[in-house]
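Same chain, two partners: subunit A is paired with subunit B first, then with subunit C.
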Partner chain A sequence: MTTTEVDPRQAATPAGARRRRRGRGATRAHPALLLFPLPALAIYVVFFAIPTVQAVQYAVTDWDGFSATFSNVGADNFRRIFTADDLFANALLNNVKFMLVVVVFQTAFALLLAVLLVKNSRGSILLRALFFFPTILSSVSVAFIWKFIYDPNFGLGNRVLDGVGLDVQLAYLGEASTAIYWVALTQVWFHAGQMMVIFVAGLQAVPAELYEAAELDGAGRWAQFRHITWPMIAPATAIVVAYTTIQSFKAFDLILGLGGNPPKFSLDILSTRIYTSFANSEFGYAAAESLVFMAVIAAIVVAQRRVLRLTQKDV
Partner chain B sequence: MRFSPIRSVVLAVYALLVVVPLVVVVFGSFKTTPELFESPFGLPSSLSLRNYEIVLGEQNLDQAFFNSVVVTAASVALTLFVASLAAYGIARTPGWKGWLIFGFLVLGMSVPAQANMIPQYVLFDVLGLLDSRLGLVAINVVVGLPVAVFILGGFMKTIPREAYEASAIDGAGPFRTYWSVIMPMSLPSVAATAIFLFVIQWNDLLYPLLFIRSPELKTLPLALLEFQGEFLTDYPLLFTGVVIASLPIVVAYVLLQRYFVAGMTSGAVKG
Partner chain C sequence: MQNRQINRRNLLQLLGLTGLAATAACAGPGSTGGGQGGGAAEPIPSGPIEGEISFAHWRAEDQQVFEQLIAAFVAQHSGVSITQDIAPSNDYQSTALQRVRGGAVGDVFTAFRGAQFVDMVKAGIFSDLTGLPVVDRYSAALIEPGASDGKQYGLPYQLVFNMPVSNLDALEAAGVSEPPADWDGFLAMCEALRGAGFVPIAWPGGEPGNAGHLFNSMVMNNAPSPDMCTKLETGEYSCTDDWFLKTLDQYAQLRPYVQPNATGTAVEPAQQLFASGQAALLATGSFHIAAVRALGAQFPVGLLSPITTSAGEARYEGIHNATFILGVNTASDVRPAALAFIEFLSDPVNAAVYANGTGQHLTVSGVAYDNPDLAATAGWLERRTLLAPRFQFTDLDIRNAVENACTQVIGGTDPRQAAEDAQRVVDQRIG
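Right after this comes the complex of A and B.
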C-alpha cells in the first residue's frame, strides 16, 4: 500500500528515520501493541476455533460422549442423516417452513413499519421504541406469553376470535400440520421491531432529492418505492434477510419454550434436533448433524443474496 | 400525507398487538388462575403478591435471579475488557496484519453455536468448568468475543491517528492510551456493545441448559423453562416468572434506550 508513495521520512537513512521517530515517540506503533490482541486470540483459538475443527473430527465417529473408546465410522453418520433419519428430515422440513414464513412476513412487515415511521417525529420515535421492545425479552418469556395466547381453552387468541363474532376456535400448537406457522407468527412479533430499526436507518439514508425529482417526473408512490426506495435500501434488505434467516435457524429457545423439551415432532427444528441428539449422548452423530446444519444455513444465505440481487438490479 | 388514515390504523393495530399481551402478563402476575381465565384483560382485583412469594420463595427464582446477575455482570465486563484490548491493538496495527487478526476473530460470528458446542462441552468437562457459574462466564466470553471485537474494532479504526499520537507524545504508554484516551472516546460503541452482550447473555438459555445440572446454579431462563413442566397451565405463576426475568432488562431499556437500538442493530449487522 505504502510502497508506491515516497514518504520523505522513509527516504532518509533508516537509522536516521528511526532516531527521528523515536524522538517524536509517536508515529511508529509501540511494539507492546501487538500484545493487546493476545488474550482475545488465545481464548478464541483454544475455546472456539479448535472446538469448531474438532466438530469435524467427531462427526466421523460413533462417540457417545463418555466411553473411552469409539470407532471411526467414516461417512456413516452423514449417510444416516440423509437417508435413514426421519427425525432429521422432519426437523429440516419444519425449519425450512418456519424460515420461509418468518423471512417473508417479518421482512415485509418490518419494512412496512419502517416506511410508516421513517420521519423522526415524536410519535414515530415513541412507536419505534414500543415496536422494538419485544426483542429485548428472553425467548422463554416470549414463549410463555404466546403459550397463553395460543391456549385452546382459555387463551387470548380464541377469546378475540369469539369477541369479534367469528365462530371459529383454533387449536394453534395442538394442530400438528400448522403448529410451526404459529411459532413463526410469534417469531415475527418477537423480532419485527428489531428489523424495522435497520430499515429505518436504511430509509433515512436515501437522499430526499431523489423523491423530489421523481415527484416532478410524475412518478406515483409505488413507482417511487419500486425504483428509488427498494434499490437504495438494498444493503439494509440484505442484512435483514440474512439476519432473519440465521435467527430462524437459531430459534432454539422459542421452540423449547413453546414446544417443550424435547419439542413435539411438529415443532422440532434443526437446532433442537441437534440438541436432542446431544442430550441422548450421540455426540458423534450430533456433530455430523451440526455440520449439515451449518451447510444448510450457508447455502440458503448465498441463494437469498442471488435472488435479492436480481430483484434489486432492475431499476 | 396521502396514506394517513391507513397508516394510523396499521400502527394502532400493531401497537395494540404489542401492548396488550404485555399488559395481560403484568396484570396476570397479580391474579389467581380462575381470575385470569375469567377476565384476562381486566385490572387485577387486588395487588396480591402471593404469586411473587411463591415464585421467589418456594420456587427459588431469587437464587436464579442472583445467578443471572452475577454471571451476566461478570460476562459482560470480561468480554468488553478482552475485546476492547484486542480492538485497540488491531486499530493500532497497520496494514494486513491488523486486518488478518480482525478477520480471524470476526469470522467466529458466522459459526452457529450448535456447530462447536459439543467439543466445547467436552473441553469444559475436562477443565472442570461444567456446572459452575465460572464456566458460564467463560463460555459467554468465548461466544461474545467475535461480535464485540467486530463492533469495537469497527469504531476504534475510525478514531483519528492523531488521538493515539497526541497521547503518546504526552508520554503515555500503550495501556494508558487505551485506558484514559481511547476507551473514553469509544464510549458510545462500548455502551452499545455492553447492551448487546447484556441482552444476549441475560437471556441465554442454550449454555445453561448444556452446562448446568445443580438446581442452585440455574440462571433465570433455565429456571423459567423448567417451570413449564411443573405448572403446565398455572399461567399466573409463569407470568410472574416472566415479569421477574424481564424486569432488569426493561428498566435498562427505559433508561438507555438509545444504546439498545444502537447495540442491537450493530450486533445484527453480522450476516
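Right after this comes the complex of A and C.
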C-alpha cells in the first residue's frame, strides 16, 4: 500500500487546501463511469470466466456430455491423467517436442529476418510483406498446402529430394518418430513472419545513439547485438516467446488438417487429445485434461519469462 | 482516500466473484437442454407437412443429388423448405451429437453406425420409428444397425462395401482371372501385380479413418467370432491373442505390396494412384468408386477382399456396412415434415435417384441400379459379407489403438511390439 505525504505547512495554506481539493476531485470517479466496463466485463464473464469455472465443475464428474445424470468422482480424473493414461502422456510429450522446436526455431528465424529487414527500405518492406503473407492464410489452407508437400508419392518434398539427386524418399508425416517435427516446420513457416513484425517493431525502438556510442567504443556487430539489441528487445522477445509457446499448444487445426481427425498417436498433442476425449463422450475427463493443459501452459510461460529476464539483463 | 479506493475495488471484485459463483452454480452437467435422455423417445405426432427443415449430414459429395431430391420434395409440399447442414465426416463424427441435440439444426439428421449411433440413442435424440410404414420400405436385415433395445430409431440408408476396390484391367494384365481364395493366393496375386509393374495396393496409411477400412477384411476370418471388436473392447479378447498377432504378421507380409512410404499417404493421393492405373487395388471401399471416376478412371472396377485364411476356413468373402442412419430429431418442432422427408427418400424411385447419382447401394428395397459401377458390384449384395467389425468399437481411443497397431506394423514395427503397445492402451481404457 502506498501513501502520499503532504507537507503540513503547505497543507495549512489555502492554496494547499485548494490543490488537495482539486486533486481529490480529479481522482474520484463519477458513479456513471462504473457502467462503462460492464459490457466488456459481461463478455469476459460469459465467454471466459463461466466456462472456466464450469470446467472445474465438470472435471470432478464422469459426465458424458449429454446425459441428465452424472456422478461426482472427486480427483479420479486427475489421478487417471497423471498415472494411467499413456495417450495423455504421449500427447504431452509430443507437445513439448513440438513447442521446443517451434519456440527455438521460430523465434530465431523471426529475429534473424527482423535484423536483416529492420530498415524501412522498399526492398525490406516488400520482403517483410512476403514473409508475413503466410500468416494471413487460414490454417486449413496451410494444412492443405503442406499435406501435398509432404505426400510421399506426388508431394513436392520428395520431388525436390529426387531433383537434387538425393536417393532418399521420406514418409514425412508417416514416420512416427519424426512426424511431429514436420508439423513443427509447417508451424514455423506459418507464423515466423508474424513474429518478425513484432521483432522489427522492437528493433526500431532501440535508440540509434546507443549503436553510435558503441561504435565509438570499438564494439563490433556481435558485441552490439549482445549488449544493446538483445537487452533492448527484451519486451518483444518476451511477447514472441510467450505467444509462440501458447500457439504451439493450440496448434489444433493445423494438426487436424495435416493428420486427420482424430490424428495418429504420433501427431496427437494436448489440444487434439482433449478434443478426442470430448468426441469420445468423456466430458468430465476432457474438462480435467483442459485444466491440466491450462496449468502446463501457465507454468511454461512463467518459467520462460524468468529465463528471459535472466538472459536479457544488460550484460 | 487511498483506503477508500481499495475498498471500492474490493467491493467490485467481491460482486464479480459472487455473480460468477452464482452463475456457475446454476450451470453444470446435465443442465443444458435438448434430447429426451435415456432413449425415452416419443412417437412422432401427426401434423401438417410444413416448416423449415434442417438436414444434417456429412456427405458433401452428395449435396447436388440431395438438392435435386429436395427440389422434388418441396414441389410436392409447398409449405416446406429444406436446408442441408453439411460437416466433413470426421467433424460430424466428433461434434454432431452436440450440434443436433438442441434441435436448432438437424430436424432430419444422420448418424454413423457404432459409437455415434449408440450415444445419440442414449441422448434421446432419435424419435422412435418402430411400426411406421416407412420402416417396411427397407430390407429388414440391413437396418438392424439402426435398432436398439427392440426399437427402430434410425434407418441406415447407405449400404457400402468396406473392402478393396479392384482395377479389373490390371488384374487381367497380371493374369489374375479369379479372386484369390486364400492368403497364399492373395500374396501370389500381389506378387504377380508387382511383376506386371503395378503397385498392388494403394493404402491411405496416413489417415487413420481411411486406413482402418482394410482392418475389416484382415480380421473378418482370423477372429474367433464376428463380434471380435466388441470383445476386444470388453477385455474378452486381447491384442496379444494369437488371432490378432496372426493378423499383424499378415500386415507385415503386405509391406512390399503397398506403395512406398504408405504410412504417410493421405486418401486423395491413394485414390490418384488407383485412378491413374498405377495401383491395382484401392484398400478403402466402394464409397470411393465415384471419387476415382471423378479423377478420370476409365477401367472396369470390382471388389476384392483378402482372404486371410485357407479357403476352407474362410467364413466371409467380404465386408459391408449399413450407415448414414437417418433419424428424426426429438427436439425438432417440425417432426411431421421431417418424417415426410425421410419417407420421400425411402421411396424406391427417389432412392434410385440418390443411388445412381452418388454411386451408392442402398438398404431400401426395390431400388433399380442403373449406374454401371453399382450394377457391376450388385452381386455382392447376395454374398457372404460381414457387417464391418471396426464400427463395433464404441471407444474411439481403443479403435485407434488397435488400428494404429496395424499401421505401425506396415511402417516397420515388430508385430508383437505393436500388439503390446495397443493392448496397454486398451487395458488403460477399460480399467
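One rule holds for everything that comes next: the second predicted complex is superposed on the first by the 270 of 315 C-alpha atoms of A that agree within 3 Å, B and C clash if a C-alpha of one lies under 4 Å from a C-alpha of the other, contacts with A are read in each partner's own complex, and residues count from 1 in each chain.
Just so we're on the same page, contacts are C-beta pairs under 8 Å (C-beta built on N, C-alpha and C of every residue); 3 or more make two chains touch, one makes a residue touch a chain.
The structure presented is a predicted model; accordingly, all values stated were derived computationally and were not measured.
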>> For A:275 in the superposed arrangement: first (subunit B), second (subunit C), both or neither?
In response: both
>> Quick check on the superposed pair: does A:67 touch subunit B, subunit C, both, or neither? Answer first, second, both or neither.
In response: second
>> Applying the document's definition of touch, where does A:202 land relative to subunit B and subunit C: first, second, both, or neither?
In response: neither
> Which partner, subunit B or subunit C, touches the larger number of subunit A residues?
Replying inline: B
>> Is A:283 touching anything from subunit B or subunit C once the two structures are fitted on A? First, second, both or neither.
In response: both
>> Applying the document's definition of touch, where does A:87 land relative to subunit B and subunit C: first, second, both, or neither?
In response: second
>> Applying the document's definition of touch, where does A:147 land relative to subunit B and subunit C: first, second, both, or neither?
In response: both
>> Under the stated touch criterion, which partner chain does A:54 make contact with: subunit B (first), subunit C (second), both, or neither?
In response: both
>> So in the superposed three-chain picture, is A:260 touching just subunit B, just subunit C, both, or none of them (first/second/both/neither)?
In response: both
> Can you pull the subunit A residues that subunit B and subunit C both touch?
Replying inline: 1, 24, 27, 34, 41, 49-50, 54, 58, 65, 147, 151, 154, 256, 260-261, 275, 278, 283
>> Please output the residues of subunit A touching subunit B within their complex, sorted ascending.
In response: 1, 24-27, 29-30, 32-41, 43-44, 46-52, 54-55, 58, 65, 112-113, 116-117, 127-141, 144-149, 151, 154, 156, 159, 189, 193-195, 197-198, 201, 221, 238-239, 241-243, 246, 249-250, 252-253, 256-257, 260-261, 270-271, 274-275, 278, 283, 286-287, 290-291, 293-294, 297, 301
> Tell me, which parts of subunit A touch subunit C in their complex?
Replying inline: 1-4, 24, 27, 34, 41, 45, 49-50, 53-54, 57-58, 61, 63-70, 84-87, 147, 150-155, 169-176, 256, 259-265, 275-276, 278-281, 283-284
> Which positions of subunit C touch subunit A when the two form their complex?
Replying inline: 1-2, 5-6, 12, 16, 19-21, 23-24, 27-30, 35, 37-38, 90-91, 93-95, 97-98, 101, 115, 119, 122-123, 205-209, 259-266, 269, 272-273, 395-397, 400-401, 404, 407-408, 411, 424-425, 428
>> Applying the document's contact rule, which stretches of subunit B touch subunit A when the two form their complex?
In response: 2-3, 7, 10-11, 14-15, 17-22, 24-25, 28, 36-37, 40, 82-83, 85-86, 88-90, 92-95, 101, 104-105, 108, 111-123, 138-139, 141-143, 145-146, 149, 164-166, 168-169, 171, 173-175, 178, 199, 202-203, 205-206, 209-210, 220-221, 224-225, 228-229, 233, 235, 238-239, 241-242, 245-246, 249-250, 253, 257, 260-261, 264-265, 268-271
